[in-house]
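The same chain A turns up in both complexes below, where it pairs with chain B and then with chain C.
After this line comes the complex of A and B, so read on.
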């Protein structure tokens, strides 16, 4: 039993390694596993119970033993890798037969709970979590469909991770499926544990301003994507579904809209479109109207803006960049802050700082309004990746407006539209609203 | 440096002076400019009148700009006021220069002032009048404008100067006794020169005839006072051997405000028809004498005349124009009272 001894040596420094003998009738079995991954008392009971009853009923113990799990080769590396995967290894000392048993695992995930990043009104509320299996349970219970296909890939040589690909045979675009599986299968040796590594497998541009995939915590959104012919990926330990490809409509439409009456669901979609335009245009429009084209304003408004900007030392663009910068800092800080002091800091940042900045005549009152509107509107779009896109592209419009005024704002929008029109994900255009016929 | 290439000369709105009214008078070969600039300050304190003289309008404006602490931006100019003597002399040069310069919006109102501009600007900016924007509000359709006041932007004046068949009227104002501004009817402008006057009532009729839907009041002598709610007009034309004739149908929707002596609706309608016909007749005779086609009647005959004939429209055809006005009145509402 040299192999077993080598395994013992390999794991000797591990505090959670369990290695014990099990005597049933006249036979001796050796059982080994990691107790951090295996619930030992229950597993031992599970293993011993059939063997004992077999011994009492005078059945052939070895047959029962092999039926407990999967036979594997008596090889050090195989056994080590099985143990690392959380399997229980049982060896029949007399014959040297090795069985890998699927044990009662230690709970290593939170239970299915409310989503943390994605809020919804009127839809189902259980969210994906870190465990692939419970994600699969959620997906299957939302989509009981014979066409649902699930492929599992094991990535990485040293650092292993499992990736699960789900799609519907009926609706998925065959070319999308081909490129997807090809790229996944060609890169089985690379390690995938985060979205950046996944992006590099799919060769997405590193400088893309638009997200190529949506991540959803709520199973109904993943199911909608599958029904619409898209692919859903799960990476082990990432608590969301990755939906490929992402389209412009994902910014404005969520599955939960369908739980509202149609009029309101349209209203919500229109609100999101208005929100995205507001967050893009407002800061730029402010700069354009205040410093380049004040002639567009009504006289009364121009006069009142001019009054609100009395004594403001900086030109409008510097003023806007200053406050936008602070706003971005606040938004980033809120994520990092513990929830217990988050609200306090938000209040200090939002109200006290804003008021102080105005009182100190560093910026005009109107800019605070514009900025608040733009920041709030930024949150109306669906998916935080999409709000990043808007957050960044508003600076393009802002700077162009500072140069060219309203004309610059317009040309910025044109540039943005042209860019979006050029983005493709795995061969599918970002602006695709309706799938082309023949797909 | 490339970052600065676009915006180095942009000035923020609080560094621009935004005049709302410009007065132009012409004395001894020099233009004198008055600019009415609302003060930009914490307390919103009134208005500033700045004057300068120069050989041309633009050089006078340049003079002001040079001496002011902020950049002069004429794009918000809403009213251009010229004095009566200047209007009699002819406005074609300044209208040309305004259109050419592009610093002033073509939608700016053109106004004639009945009194010297010095006095006018001094009196309308009396602090007891209000915040100093009266001259602006007076001509705003959503605040002080009334259908008895002509409404003529610069581009229409420019068009009238260069057109054979279309003239304009400009509102005539002066500073009022109890109000800041008082309307004195309007002045008929022919090729940029003021050639006659209309009263306030005639201006209302002019506005109705030009199809501006409005809510003016008409007094039917001795019978009733009517409020116009809605009006539209349709024209048909006939050219009969140098005698242009025009058939107009005016549809009026009115509300009765006052009635004296219990008139029937039929009487009111008949009275209104004769009244309007008589007034239009008077008005037409008056403008025909000045040979200024303020109704743009010639526009309707452009199909029938050659270009050379059109050139003589004002002198040969226009004095012979006849208008047959038919008024169709709908009394929409008798003011909650039943009439016999």
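After this line comes the complex of A and C, so read on.
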């Protein structure tokens, strides 16, 4: 039993390592496992009960023992790895037979609860969490479909992690599935525990301005994606589903819409499109109209804008960049701050941006309105990854507008559209509506 | 989806060309019944795309360069070389004339080379980043974004029309006189600008010829509006005096409830976008001819070279008069490309089909 001794030595400094003998009739068994991962009292009961009843009924104890789990080799490394994975190891001392038993696990994750990042109106509200199994439970209960295929990959050599790939055989684009599985299988040695590592496995460009995947906490969104021919990935300990590839429609359409009457759901979609255009165009339009092309505006309007900017000592582009910068700072700060201090910052920000900065003649009144409209509109698109895209691209339009006026604004828009039209994720063009199809 | 993409691409490449020079050319070519030259041009256009598509149908989704080069090399280059020359010529004219229009309309203080550079760099990016698939998808996005301003401007441009100018509807005895006028042949550029692209579409875009014909039907009203709105507003004689009749009319429109003083900014901006699209499509065709016909050089090198040499040539064109002159000189080449290319493709296709049939029979 040198192997068991080596395992004992290996785990000797671990406070949660349990190693004990179990005597049933004339046979002695050694039981080992980590009590941080295993609920020991219940598991011991689970193991001892069949053995005891076998002993009472005078059955062959060894047969019952082998039936408790899976036989593994008596090898130090295998045993250590099984114990680290949270399995219970039982050894029959007389024959040296080793069995790996699936124990009653310690609860290691929160129960299924409300989503934290994703709000919805009128849809189902239980969200994915950190545990792969409960995510699978949620997915299966939302999609009871024989076509649902699930592949599990174990990534990493030293630091292991499980990734689960779910798709529907009938609807998924075959080229998408091929590239996806090829890329995953070719990189089984790399470690995947966050989205950056996943992106590098799929070789997504580091400079991409558009997200290549959507993350959803709500199972109905993942299910909708599977039905529309996309793939859904779950990474262990990440509390959301990763949907590949993302399409432009993800900005404007959510599964939630289907729970509203069609007229309203169309109105909501149009509203989101208007929102995204507003946040892109408004700051640029302000700069273009104020500094380069005031002649485009009606005279009265041009006059009143010019009057409101009378005391502002710098060009419109600096003014806009200054205030947009402060706005970005506030948005970032609110995420970091504890909820108890958050309102204070909002209030101070509101006062500074709303009144003081205008009173001090640092920016014009109109810019505050433009900025508020752009910031609010930014939040109308679905998915925070998509709002990042808009947040950044508006600066492209802003700077081009400062140079070329309304023409610059248009060129920025054209460049952005051309960029979106050329983006591809795993061979699937980004600019598609609902179904992910290759060429 | 492909049908729609081809239709919108076809519409967009033409829309960018219609509203600038086309109205003045048509108005110049005849004194009355302007619909006659418009419809004649349109029928001519339908004819060439019919022949062209018929020829392309024989080769499922193959590029026109490959189709031509598989037969006689001399015939192929007799078609491809003029095509290459024509495409580069029209690209340079488009860039130069649009930069002039932009400069007149809203950026009079900006040096013209910046506008030229912009009109070359943005299409260059479109071609390089998206390739043809990107351009096709972009056409859908553009039509979604710009259809509202374009339709709005087209509708409001009727604000000051006097319908009496419509008459005489039926032309007099000299009705077909416009056929002898050079301006009519110059006006044909608005029909022949984008049709070549159909031969360069990749094999995965499966489309029905119907999609193209529907697309051309959609742009027919724009041809008529571009010519008739200036005539109906100012009368034929006054409209003849203007360089850009339609833009002038749009500039005179005033709408009380709109915060903008100049409506034509919307029209112009949409048209600039379409023109960029047209330039990108033309660039793509030039790239394809060079890469498939001469040498397969990476677009990463070809596009910057193309941009640089176009920029240099554009800078050598001093004023609008020269642009107009270049445009006039371009007419014979344009007619050659528009007439010869479809016919040659059709003949080669027909021979190809006959050969295939014979092979099929003999086996």
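Quick note on the criterion: the second predicted complex is superposed on the first by the 430 of 439 C-alpha atoms of A that agree within 3 Å, B and C clash if a C-alpha of one lies under 4 Å from a C-alpha of the other, contacts with A are read in each partner's own complex, and residues count from 1 in each chain.
We adopt the following convention: a residue touches a chain if its C-beta (ideal position, glycine included) is under 8 Å from a C-beta of that chain, and two chains touch if they have at least 3 such contacts.
These figures come from a predicted structure and were not determined experimentally.
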Contacts of A:350 with chain B and chain C, given as first, second, both or neither: neither
Which of chain B and chain C A:410 touches, first, second, both or neither: second
Touched partner set for A:50, first chain B, second chain C, both or neither: neither
Chain B versus chain C as contact partner of A:86, first or second or both or neither: neither
First (chain B), second (chain C), both or neither touched by A:301: second
Which superposed partner A:342 touches (first chain B, second chain C, both, neither): neither
A:105 touches, of chain B and chain C: first, second, both or neither? neither
Touching both chain B and chain C, residues of chain A: 292, 295, 299, 404-405
Chain C partner contacts - residues on chain A that touch it in the complex: 292-293, 295-299, 301, 404-407, 410-411, 413-415, 417-422, 429, 431-432, 437, 439
Residue ranges of chain A touching chain B (in the complex, touch as defined): 289-292, 294-295, 299, 302-303, 305-307, 309-310, 312, 315-317, 402-405, 408
Partner chain A, residues of chain C touching it in the complex: 1, 102, 106-107, 110, 114-115, 118, 122, 125-126, 129-131, 133-135, 137-138, 140-142, 145, 202, 204, 258-262, 265, 269, 272-273, 276, 280
Footprint of chain A on chain B - complex, ascending: 5-7, 10-14, 16, 18, 20, 38, 40-42, 44, 73, 75-76, 78, 105, 136
